[in-house]
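Take a look at the structures listed below.
In what follows, chain A forms one complex with chain B and a second complex with chain C.
Right after this comes the complex of A and B.
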């Protein structure tokens, strides 16, 4: 970034408003969360400094661990739906000659709908009274035994709250991959085909490796996004029944805003950030090793 | 000859299977939304009896009830205030900061740029507790500002990134020439930079208008009074308000609430997808 204007006053006039907003809305809360994670406070009265107590409690809290492992399952489901299905359909679209734009436009619709509406839609689809779409389709396929109230069953609820989130962004990742795939220089893949490579081979050996940087970036975004997953599980079950669909964020939210344990809630929030940063670092390392 | 025919048939079969797969997935992606539209046109009785048929006699009964009940207008107005206020601030602040970071001489530019873009990685959940505490001390929970502040803060990193990457393509010679003609840095920004950046403005505005309109987590945390609720929260509220969920009304409310983002999306499709893709890829 090589600038040219040398006016210090104007520089500050243009920069400061954004900087102040950003400092206050994003940076101050990070610092304050870290500070709060070392206190015990119920919303009124003085804040009591408790050292690492909140973190010690965090690591010995069984519900916390349950949320952590639930969250991992949630990440796996969401990421595999968004990226694998997204990639599959992106590839399929590259073989389409007509109507690509309209198909792309329609596939994308779910991610411009508010999570509250998505939640309500899925709630009605999972229901048994009246029979929701899922159960009706299952009955029609002769799988009537599987009909159940998906959100009330401890065994199915975690999958049930993960699916809507996966569904929501599949179209977006498809559009990203499609853009990456069609921007590949066609000469390379054409040369491969002339050399006798099958379409299948060209895809695996040439096209996918060429969009690997995009795949790694989307994987990072997708994983960190799912690690902080909140809206849909919160709206559909609020972590229940029991803690069967509790995720880290919903647990943090409950601790802070239902139990009014702002200190402990902040410790969980800090944990979520650290976890996301670790995930990013691991993925970057994996990416770099792959490049060698 | 026969081989050739078999080959032809296979090719057709392939095409058909391909089309079926594409359409099946299209159904999965679009049908739930389409179904909500259809369901909102059915009386609640018909909805529970035959939920998946087309409405036998489409009725706007649900819409009329939702509109008469009246709350949804208040929610919509609140959403418009929050979305509009945030958009104005996002566009003003990020274009100015982008201009400062890309067209001014300063040894802090690179560090500041990294500092801003670092924000893309930060989960919004981290702000909930500190801002909630701050707002309740200042007594500004349940205001539009309580939502605008974090919305703007979290939109700045990506918006600044987009403006910086656009402005670096604006040749410095242009600015030099304007300076020689007696233009101040402010004049250059208003007369030269802003008009050039029209596309970036549209991309950012279209993407964030949808994202902010749809926000749930900030609104759910900082808003508790009916008078300050946004339309996304209103949908959740509807369900409780009728005891047993009145799906007909809920679907009508959903339909009304998703119309504005739909309109923005279909009008500015390219910009929306470009912006969101950038958001997902540039982390």
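Right after this comes the complex of A and C.
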């Protein structure tokens, strides 16, 4: 065993398949996107090199900026739902004595439902024709004035397409936080309680700081995931009505595959990559400063 | 050394599947033709074509096989098709509309001239004229073969119309008046599927068609007209006006929901083509629903027997792989398609004597009669004219225009700037 671990060739043999796959499936498309972002190409015929034209257009395209700000709202809603609610549920779970597994499983179920089914379900819930669940509940609560077709109203559609994504992965982050919370050495919190700390203080000053690395990791996963958010908004509204629920990635997809502007679509893709990298760098800086 | 050898072996083993993928297929004497199709699986066109291919294959001792790869969902189909073509992997037969993208394929020499083929083979007159003309480009050339033929109409609830003493509208003005009366009485005038966008786009085409045939949209596409021209503005105003009478939340209403709203009596009218005649049949025979054709404009240039007709997405052939064998098969299709397709209660793009062993419904005969009376002009959907980028913008924003969330000026500037940037590219 020791021999194999020390052997560099063996390392390489085991790492190579994954590395090759990664290079082929992730790295190559990124490099090719960067190359395509400098050309003008409709999918047929020769590609025309246009320098930075696509990037110049990107920064002056009002729909692109609308998508960018929509995307920020989407990130805020998705991240706060997934992480805050996930964390809240995880903390509550640690106080449960019985049936923890059942509750965990139930909350985890949305993660394993296919996206199309989630989309269809929320589409029905938001509808007025026939009356969907949201509107039925609102009417029952005497809030009939709020009843509307949530996906057709330009003022509500962005929030409406963000909620399903947040709802869907809350359970997953709950499981991650729960695992982190129960792995904390109980002696630490017991010592704090003996010293007279309240449960609230123990949670706030001891438990949460101890799982900070996990929180930072999930924050990174969640933010980069939400910056690339695509499927549910695309399925529910295709970015519409107008561009009211357009996100960066739905706009990129439309430009590349509906409008057949592969060059401009690639420039948006590169923008999304850069934006995600910047987000990760900021998070790491924040994390490091906290350590000091 | 031994380990290095092991490493080399494993590396080769891993690469083998990759290399095998690139190797040519096994030689065999069976000819396989691939049809990359976008027709509802199990629908009448699909089953008719499979039946014909099966029969043809049997007649050729199984040495000929048609492989059909279907993606019914149109946007995903188009995305896959464009990706295949961008990667130089165009299938032998594809489905495509005669739109600017198709034109670019023609310009690149990728498609067979179907009009020439039909004329050479003496088959041009076997088709309904409108069905073929729908497939033509503006210059009269034609690269796609129709497999269906439809007219579009406005279905209405006779019970609701009777209740409010409404007559079938003859003019566009009257149509809006009918909508107004219904709306004032708390009835949803029109059920609309906004999710698919094209049904809303039809309303945009109506006024320009009534006053100019398809001339306005052709000029708009070519950058010779503006969306802000008087006719364009009239079209926008009409969409804004009739948009108020669409069902609430139409932007998020899908095809099936819109149709069932109408059939359940929750909306008084519904615009759809004869391809839904089977869905309408029960209510039609019960005297609950009926249809009227696109109302006219009193001082317009097109008549009551001219409205939206289409022969659907066409079939196009890869110029590189279109050999004698494929030609022979296509001729076989033309020979047999009309009768088999019509026997499934469908409107055939080929002229055909209706089979006597099939009992056609009154509704079928009525639609067939309207088709026979069809005038020389027909309204061609705007999405077949506009370039892909403008189409996307138009379809995205027309929902806002119809729901009153976008001003005419904004819409005009969006469309005009997109056409300026993308037309003739």
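Simple rule for what comes next: the second predicted complex is superposed on the first by the 272 of 292 C-alpha atoms of A that agree within 3 Å, B and C clash if a C-alpha of one lies under 4 Å from a C-alpha of the other, contacts with A are read in each partner's own complex, and residues count from 1 in each chain.
Operating definition for what follows: a contact is a pair of C-beta atoms (placed from the backbone, for glycine too) under 8 Å apart; a residue touches a chain by one contact, two chains touch by 3 or more.
Computed from a predicted model, the values in this text were never measured in an experiment.
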Overlay on chain A: chain C relative to chain B, clash or fit: clash
Which of chain B and chain C A:257 touches, first, second, both or neither: both
Touching partner for A:17 - first (chain B), second (chain C), both, neither: both
Partner chain in contact with A:217 - chain B first, chain C second, else both or neither: first
Which of chain B and chain C A:189 touches, first, second, both or neither: neither
First, second, both or neither for A:71, with chain B first and chain C second: neither
Which of chain B and chain C A:54 touches, first, second, both or neither: neither
Between chain B and chain C, more extensive residue contact with chain A: B
Contacts of A:240 with chain B and chain C, given as first, second, both or neither: second
Which superposed partner A:45 touches (first chain B, second chain C, both, neither): second
Partner chain in contact with A:7 - chain B first, chain C second, else both or neither: both
Candidates 151-159, 223-231 or 259-267 of chain B: the single one with C-alpha clashes against chain C: 223-231
Overlap of chain C and chain B interfaces on chain A (superposed complexes): 7, 10, 13, 17, 130, 257, 262
Chain A partner contacts - residues on chain C that touch it in the complex: 3-4, 6-7, 10-11, 14, 75, 78-79, 82-83, 85-86, 101, 104-105, 108, 110, 194-195, 247-254, 257, 261, 266, 388-389, 391-392, 396-397, 399-400, 403, 405-406, 422, 425
Chain A residues touching chain C - in the complex, by the definition given at the top: 7, 9-10, 12-13, 16-17, 20, 42-45, 123, 126-130, 148-154, 236-244, 254, 257-262
Interfacial residue positions of chain A with respect to chain B in the complex: 1-7, 10-11, 13-15, 17-19, 21-22, 24-26, 28-30, 32-33, 36, 85, 89, 92-93, 95-96, 103-117, 119-122, 124-125, 130-133, 136, 167, 170-173, 175-176, 179, 214, 217-218, 220-222, 224, 227-228, 230-231, 234-235, 249, 252-253, 256-257, 262, 265-266, 269-270, 272-273, 276-277, 280
List of chain B residues in touch with chain A within their complex: 18, 21-22, 25-26, 28-30, 32-33, 35-36, 47-48, 51-52, 89, 92-94, 96-97, 99-106, 109-110, 112-113, 116, 119, 121-133, 149-150, 152-154, 156-157, 160, 164, 168, 172, 175-176, 179, 184-186, 188-189, 210, 213-217, 220-221, 232-233, 235-236, 239, 247, 250-251, 254, 257-258, 261-262, 265-266, 269, 272-273, 276-277, 280-283
